[in-house]
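One chain, chain A, links the two complexes that follow: it is found with chain B in the first and with chain C in the second.
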Partner chain A sequence: MAAGLPRRIIKETQRLMAEPVPGISAVPDESNARYFHVVVAGPEGSPFEGGVFKLELFLPEEYPMSAPKVRFMTKIYHPNIDKLGRICLDILKDKWSPALQIRTVLLSIQALLSAPNPDDPLANDVAELWKVNEMEAIRIAREWTRTYAMGN
Partner chain B sequence: MALFGFGSSQAAVSNELEVYVRTNTGEKVSVRLDQSWTVSQIKTTLAPKLQSPADNLRIIFAGKELPDDMVMRQCDLGNHSILHAVRVVSKEDEGKGAAGPSEVENVASSSNTQEDGVGGTEVTQTEKEDGRLQEVEVPSTSSGHTDAEVDLRSKAASPPLPEDPCLMPGPSTSNRSCGRLLCDASTVITIQMTEAEQKSIRDLKSYDGMGERPHFYVYCVVPCNSVQVGKLRVRCASCKQGALTLHRDPCNWEDVLQPGKINATCETPDCSGTQAEFFFKCRGHETSGEDDTSVALYLVRANLPAVPCLACTDVSSPVVVFECADAHVMCLDCFVTYCVSRLNERQFIQDERLGYTLSCPIGCQDSLIREVHHFKLMGDNNYERYQRWGTEEAVLAAGGVLCPYPGCGQGIIPDQDCRRVACLNGCGYVFCRLCLQGYHIGECNPEDGNGPNVIGNSGSFAVDPSRAAGSRWDEATSLAIRVTTKPCPKCRTPTERDGGCMHMVCTRASCGFHWCWVCQTEWTRECMAAHWFG
Partner chain C sequence: MFSGAVRLFFVSAMNGLHYTLFLRLPRWLHGRAPPPALRSGVGSEDGINSAGLSTVTDKYVLDTLAVIRTLVDNDQEPPPSMLKLHTIADKEAGWLVVVRSMVQVIPLHDPLGPAVITLLLDDCPLPSKETVVHLCKFFELSEESAQESWKDPQLHRNICVVLGCIAEKLAGPASIALLTDTTLEYLVAHLNVDNHPCVILFALIALEKFAQTSENKTSIGQYMGQGLCNPLRTLEQWMSDNDYVRRQVGFCAQWCLDNLFICEGRPYSYENVDTTHLNAMLNNNDVSEYLKISPDGLQARCDASSFESVRCTFQVDSGVWYYEATIITAGVMQIGWATKDSKFLNHEGYGIGDDEFSVAYDGCRQLFWHNAQSESHLHPSWQPGDVLGSLLDLTNAEVIFYLNGDPLPPLTQVFNNATCGFFAAASFMSFQQCEFNFGKKPFMHPPKDIAFQSFNDHAYLKESEKIILPRHIKLQKLRAMSVEEGACTLCFDERATISLMPCLHRGFCERCALQLEICPMCRRDIEERREVDEKSDGKSEIT
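Coming up: the complex of A and B.
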């Protein structure tokens, strides 16, 4: 399977295993080295604290010229993440550059959990509530974290 | 006498060569030699012609004295190249035996010979090419060429050739203790030597230094059709002849690429040319004449400092070094991938001055590629596409439209106030300028969707938008993340959707149209209300 896998992906994978990003684990799939099973711990002090969020990350054929595809598998109440788990993050879109890495992406996602950005929404209704009634939005986010991201 | 003349490296299948030998006293004799000869054999042949014992002759080529046991083939001489012979005064003759090893002998001070007639021609680079003698003469300093000769001699004995300190990236060998004139001369020489030449000189000086040497790189369109090591050449800008004296050396790409940067004195009789003109030739093939020049790929450089590629992190050479302040480095393979992927997304930038081009992949300021031949690296098909799309961008910039018919894309500059556009020089499709659907009477009806839809980059198959929408959920929830594309309603560039948002922004840099994935028309408030995401 690893045949034809670019050296860069191999190197990045090795480094991710050797020096994991704190609070994040990213493990390549046994059958597809371009597909990573990612687990992100909800950052302390955020409504996602205590939660364990599963994501999938896929390195497309053109990686690193094009960005990795990342998606939350665990349901999450967040203004920049939609119902299907897709993430609104500039470096996954137009701000992507081949000098960025899987590690950078994961760190940015972690940062997004710590600091939601309701002004650049993907999930419109969530963003709306986040702006109008942040307390309530945070309460729902906590509840979702308890319901979907804890205990399994 | 820093003289070099080498023909194309692949030339000279025959072992016989006719070369000219010029002496420091101004004589010029021609010699037939066999490439298998050693330098020592040449000296023996020359001795009677120059009326000088073979032991008293030194052969200089490419600024270096050639050792007796060196075989001519190693020099990569071309037919009609010029070697330089220097007569030295033997110790017995001079009676200064205490002077020690022959290196100390001062060629120029052996001036009981009448070398003054030679003028400033000692530091000469010479090339015989296309049956024409080409010379570059670096002028003597006012103190006379004597010093230059002395310096040359001492340099010939010193091991490393200096890298060109001003043109090449990487650590410069700074120890330039010799005179200015000489350094300049050897600078020009070094950058023109082939790897083989440099290696042979390194070997003969048993110098085990830095390994790779800097090169110029060119894109050779015909016949190589690839990146090749290039040779920098210079000629008179007026008469195009090679015999001219440069007033200073080129020290950067501007000097070489912009005309009129370097003044020179043309030595061709009846020419009063005052400017040097630089050009490049491909080292990969035998030259077919004086018009056989190549385009310098000034971003491509030997990776002497071993900088890893920003994309694949491998260290290779040569590399592309972008012009941004950080001088970001990319290997050639990644550069090609980068260009092709940007081309596929039509993400090239239409710059008023530079045309259709790209910046450094990090997006640094002032890093647009100025020489479009760099895009030749993408290969013929992609380059053709690049040229076509570049033309289209120019059409759009001029207020034109592109034919929306799948696979056509003909650039059309229609009448300002006519909504009906016919693709006359292309496919013949007749369409509405406003909605780019088939031409219709009355208001545009975006919901209609009866136009020529193109999905994806490759084929052209029409997709019912509602059906595409219906299949999204399954796609999104399948294990692998799959993406779908739809054409930008304005310019038909396939645009990939990989987020949940229906708000699309055309990826084509110069379009940037905001549109709705569901409606395939301009993004509106209604779209937000009805189906912002899903």
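Coming up: the complex of A and C.
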């Protein structure tokens, strides 16, 4: 942090607080304004419905020229999210643009929960099951949601 | 380096399209857990029967601890013992076995012990709330057991490290659930001056990590009390104790009182600290985000699991310069010199000595670092109380490190990439601390055969620049900053004066536009960045 907190981050934080995204809460850490505690509600109609998923989001030194780093802290059964909570999402990698924001990133992650993409997997075993037996995969995803993402 | 490079190695071995996101993950040895693809096939068929599991796990934990300091190369495989532990911890029951083993066998005085606990827990899957509750029952936490902790300080120190680590990993509702009255009583009961200082230290750090969740912060603050009966008020007096563990307790107690558990009527330390004749200090605006700096600007400490770095305020461009650092903890720190081009990639495990613009001494693993490459040196491992001397000779283009006055051969490589603009700088692994002397006090072991200058004799700081504000006050001030109209839509710092050609999107300042190759709005290639009349309309907005 060569020169304190960039205005871009301050401005985004203010807007996130003033106009929160439905189904998502993102709160900056009290001791580190680049670190956000994020909670995403499982989207309706998805196997994650009813679950509350905790994520962490970190704005690296080069932000917004490089993408935020985001990770699921709550266990989730999803073909594009691995055991360590890492997320496979193009806008977090080669399709990042500095015009995107924390808000748009979180909306994209919410959308990824609604529409898993087993053809571009990060968790290979999950993706495999999702392709050969989608019903069973969805059943496990519901079960994991109940076990890890409810009642905490 | 704290092995961020190893992580990058594994990432590149995976499918390049998969973005691996690590955030506050291991840092040193991070990513030493191989990607899931490499891990498949290990599991229950591993042949470990549950009866002998504890014994085997104990051995893996000790093996990991023994081997960890030898791991420095980027392309090194994780040690087999560590892979085994990850396999075991993959299931909830196994996770409990691993945690129990760590608590029971990690020795009290290994300087890397607590960091290894943090490291191993960091890469394991997150435990469920039930598992954590089960763990607390197993530990039999209570105020009474804490009062008996002198009987087995190793066990209680390790329990505190584990609790702190889990509190940090599960920050939020689960951390609130974990901080039951019993857990709180147990941790606070440790904060007694008669206890083993190692146990006090990690009980305090655990409380700090619980306090990352604000409900916990409130309940801990209330439980400890506002007045002088607050145990931290006594412990902060150990700030300059002769015992180095007690000194760490003093540092952490003072930091907590200034930053987390504010006591009415107690002035902030920065309001009382004597900064006369202080002309050079650690730069509170040139530091990675989790490093703690003392109110006098001369001590730094890391309790995060990232590899935290800081530079000094004073830049040197010519001549011969010397400073000293008193080692307070004997773990991994990389202390030396860096220019402003040197980046603090704390989450990736890169620090001072891990790029071409810096050079550092690592007295734990007995290495020099430059450009993320290490080289052994002949000094013994440093111990608390040792004094590292660091000499930068820009006339002859060499750097010399001394341990308690004993010099090592000069280093010259860094001068191929930088010849001026150097700062004293250092990086810290978890739970490491040292105290700098930039010349305000007499040096302990000044080099005798060479004339040198000290920063403090040549630098100058305004009174306002000497203030190290507590974090919450600093953040409040930053948030109060206003944002101007017509500012760049990317950084909000500069005026938006550039239009991108051929797509004509605008709303960017020159500095941002020069960093772009494609338009942030439409992703078209940028052929030209054209200055426009900022008063004309058509400003693009980010939405």
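Just so it is clear, the second predicted complex is superposed on the first by the 149 of 152 C-alpha atoms of A that agree within 3 Å, B and C clash if a C-alpha of one lies under 4 Å from a C-alpha of the other, contacts with A are read in each partner's own complex, and residues count from 1 in each chain.
Methods note: a residue touches a chain if its C-beta (ideal position, glycine included) is under 8 Å from a C-beta of that chain, and two chains touch if they have at least 3 such contacts.
If you're wondering where the values come from, they're calculated on a predicted model, not measured in any experiment.
Q: In the overlay, answer first, second, both or neither for which of chain B and chain C A:N124 touches.
A: Both partners, chain B and chain C.
Q: By the touch definition at the top of the document, which applies to A:S31: first (chain B), second (chain C), both, or neither?
A: It touches chain C, and chain B stays clear.
Q: First (chain B), second (chain C), both or neither: which does A:S66 touch?
A: first
Q: Which chain, chain B or chain C, is in touch with more residues of chain A?
A: More residues of chain A are touched by C.
Q: Is A:L5 touching the first partner chain B, the second partner chain C, both, or neither of them?
A: second
Q: With both complexes superposed on chain A, which partner does A:Y148 reach: first (chain B), second (chain C), both or neither?
A: The answer is second: A:Y148 touches chain C but not chain B.
Q: Does chain B (first) or chain C (second) touch A:E56, or do both, or does neither?
A: Both partners, chain B and chain C.
Q: Is A:Q14 touching the first partner chain B, the second partner chain C, both, or neither of them?
A: It touches chain C, and chain B stays clear.
Q: In the superposed view, which residues of chain A touch chain B and also chain C?
A: The overlap between the chain B and chain C interfaces on chain A comprises residues 6-8, 11, 32, 35, 56, 58, 64-65, 69, 71, 82-84, 86-88, 93-94, 97-99, 122-124.
Q: So in the complex, which bits of chain A are touching chain C?
A: 1-8, 10-11, 13-14, 29-35, 37, 39, 54, 56-58, 60-61, 64-65, 67, 69-71, 73-75, 82-90, 92-94, 97-101, 120, 122-125, 147-148, 152
Q: Which residues of chain B touch chain A in the complex?
A: 310-314, 328, 330, 334, 337-338, 341-342, 361-363, 473, 476-477, 479-481, 483, 498-501, 505, 528, 532-534
Q: Residues of chain C touching chain A in their complex?
A: 17-25, 33, 35-37, 40, 123, 125-126, 128-129, 169-174, 177, 212, 214, 217, 259, 285-290, 340, 343-345, 347, 471-472, 475, 478-479, 481, 483, 487, 489-493, 512, 515-516, 518, 520-521, 523, 542
Q: For chain A, which residues are in contact with chain B within the complex?
A: Interface residues on chain A, with respect to chain B: 6-8, 11, 32, 35, 56, 58, 62, 64-66, 69, 71, 82-84, 86-88, 93-94, 97-99, 122-124.
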